[in-house]
Amino acid sequence: MSELIEQFAHIIEQSSEEDITILSDYLRNFEKKQQGEFSTYLSASLNMTRTLDDQSSVVSIPNTAFIHNTMAIPHGGILAVLIDTAMGTLANSKCPEGFSAVTTNLTIHYLSVADEASISAHARMIRSGRHTMVIEGNIVQEDGKHIATATGSFFIIPKK
Amino acid sequence: MSELIEQFAHIIEQSSEEDITILSDYLRNFEKKQQGEFSTYLSASLNMTRTLDDQSSVVSIPNTAFIHNTMAIPHGGILAVLIDTAMGTLANSKCPEGFSAVTTNLTIHYLSVADEASISAHARMIRSGRHTMVIEGNIVQEDGKHIATATGSFFIIPKK
Amino acid sequence: MSELIEQFAHIIEQSSEEDITILSDYLRNFEKKQQGEFSTYLSASLNMTRTLDDQSSVVSIPNTAFIHNTMAIPHGGILAVLIDTAMGTLANSKCPEGFSAVTTNLTIHYLSVADEASISAHARMIRSGRHTMVIEGNIVQEDGKHIATATGSFFIIPKK
Amino acid sequence: MSELIEQFAHIIEQSSEEDITILSDYLRNFEKKQQGEFSTYLSASLNMTRTLDDQSSVVSIPNTAFIHNTMAIPHGGILAVLIDTAMGTLANSKCPEGFSAVTTNLTIHYLSVADEASISAHARMIRSGRHTMVIEGNIVQEDGKHIATATGSFFIIPKK
């Protein structure tokens, strides 16, 4: 273990300011996961927060360098992570006990570049059937800029 | 900085075996990013490798707990990251100098659960026009199992 | 020409009641096309009506046996015709002079079976850019039943 | 009935050469439907032919003014009819007895304008599961020009 700590100290030494920000965010959220505040490594590393009500769900992440692509804008795939998580949260909340919902397909249109400090995906149920669900997802900024619109299908399966 | 190291040491103390694996992967790849082996924090944290030839591109990541959802299977959004990166790598390789390609939309069908140690997305050009490109993406395992199939559109814009 | 009329008379002789309905609808709308009420053979044969305002467009067709598939329900492709036409009508109304809009891609989710006498697709602009547009389309019945939801991308090109 | 024939004669009188072609195609195929060569009015009016083998299905229609939009090119929705029919034919051929397959969603990318005399959509099974299928569809011309690429999901339901 002490090797890992030495390696970490070495990384810190050669870190830029941005590196330090990324590392301290990572550690803080990793620790929160250890304390049960996040359910997965991925949601911890993205610092994902969720709210859910009867009709819709919202999943938010901070817009940091961690999620940027080589053009220094949020990676389209990470927006897919966000939208799929918001949709999946809603889908699972509507499953009967003993069942869960898996994404069967997802279509995303990228409309403009997210440039606010936080990015939030909203999911809204379009149709909830016995075997499948269709859910709409949108990323819209506080300033009204529409970042992405999506539709997804979910299939309801017995939990293992 | 020494506070960060203390925090890290504290995290290590309370880490499970899986936590340690995730942390040491993260540090190793973070260090590689500092050495220029990865171009983004995201590609480092996913340990992404790429190959590109004239006709297609392949992007691979290891299938670790880092990318798993609450059902302990790879998050569909991360497969979207993988596919979008493979497509974007190919798209950008085909842009004229001074131009780059941005994803305008992406449709993914999830076919089965990835259960091999590595996950690879292959991108193949369907149509390359002056303003737009359409690219196909597939995740197929070594054992032949088809994990996901996707199509995406890209728009060619002048680089800033 | 008299041969065509003889053939038509022969078809009439062996027609079922449904055949007669289909044929008389077809003739009535063909004649209207000759009088300039429809712009294409397709819109005439589907008896398509359109309304357009600043924000949205609506295209409607009667739900007759003419558009049914072998399961005696409206063919999913015809719903695509309807949605694409509503989207395209809106897209073209928003193009600058000398330009028109072509569909680059279309995603449709089929939600339930249309069973009212008329089927209407509503198109709503999601994002209108200089080169591309993203439009949402929905088929919802008078009784509130949601038949289909769709998103489409359009590319703006100079008219020939 | 004689009124219909009079109306038809009247339409013929004021018909352009193109009108006559459209009308005689329509009648010829309507008669074939009466003789059992087409199963629906729609497939008759589009003069649709199908072939099916174990792995794929092909559906073809002639590229006539009947399917053209106001820009005098094949209506994108009609290409959707063609692709959905090819996919559905394949999907239904793979259903167990007593079951049929319905389209749950369809994504089409339009790549270029069909300008040959005939348009053919090929469907190929991507994944055939117990409850759902994913099928790929393509329209490619004899001269190699790629017109459209599509993916669709089908749900398997008991026949009524």
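Here the chain labels run A, B, C and D in written order, and each chain numbers its own residues starting at 1.
The criterion applied here is as follows: a contact is a pair of C-beta atoms (placed from the backbone, for glycine too) under 8 Å apart; a residue touches a chain by one contact, two chains touch by 3 or more.
Only a predicted model underlies this, so the values are computations on that prediction, with no experimental measurement involved.
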>> Quick check on the contact graph: shortest path length from chain A to chain D, in steps?
In response: 1
> Where chain B and chain C touch, do the two copies share over half of their residue numbers, giving same, or under half, giving different?
Replying inline: same
>> I'd like to verify one number: the distance from the centre of chain A to the centre of chain B, where each centre is the average of its C-alpha atoms, in whole angstrom.
In response: 15
> Cα centroid separation between chain B and chain D, in whole Å?
Replying inline: 38
> Do you know which chain A residues sit against two or more other chains?
Replying inline: 104-105, 107, 109, 153
> Which residues of chain A touch chain C in the complex?
Replying inline: 107, 109, 111-112, 126-127, 134, 136, 146, 149, 151, 153
> Of all residues in chain C, which touch chain B in the complex?
Replying inline: 104-105, 107, 131-132, 153, 155
> Tell me, which parts of chain D touch chain C in their complex?
Replying inline: 1, 4-5, 7-12, 14-15, 19-20, 22-24, 26-28, 30-31, 34, 39-42, 45, 65-71, 75-78, 80-85, 88, 100, 102-110
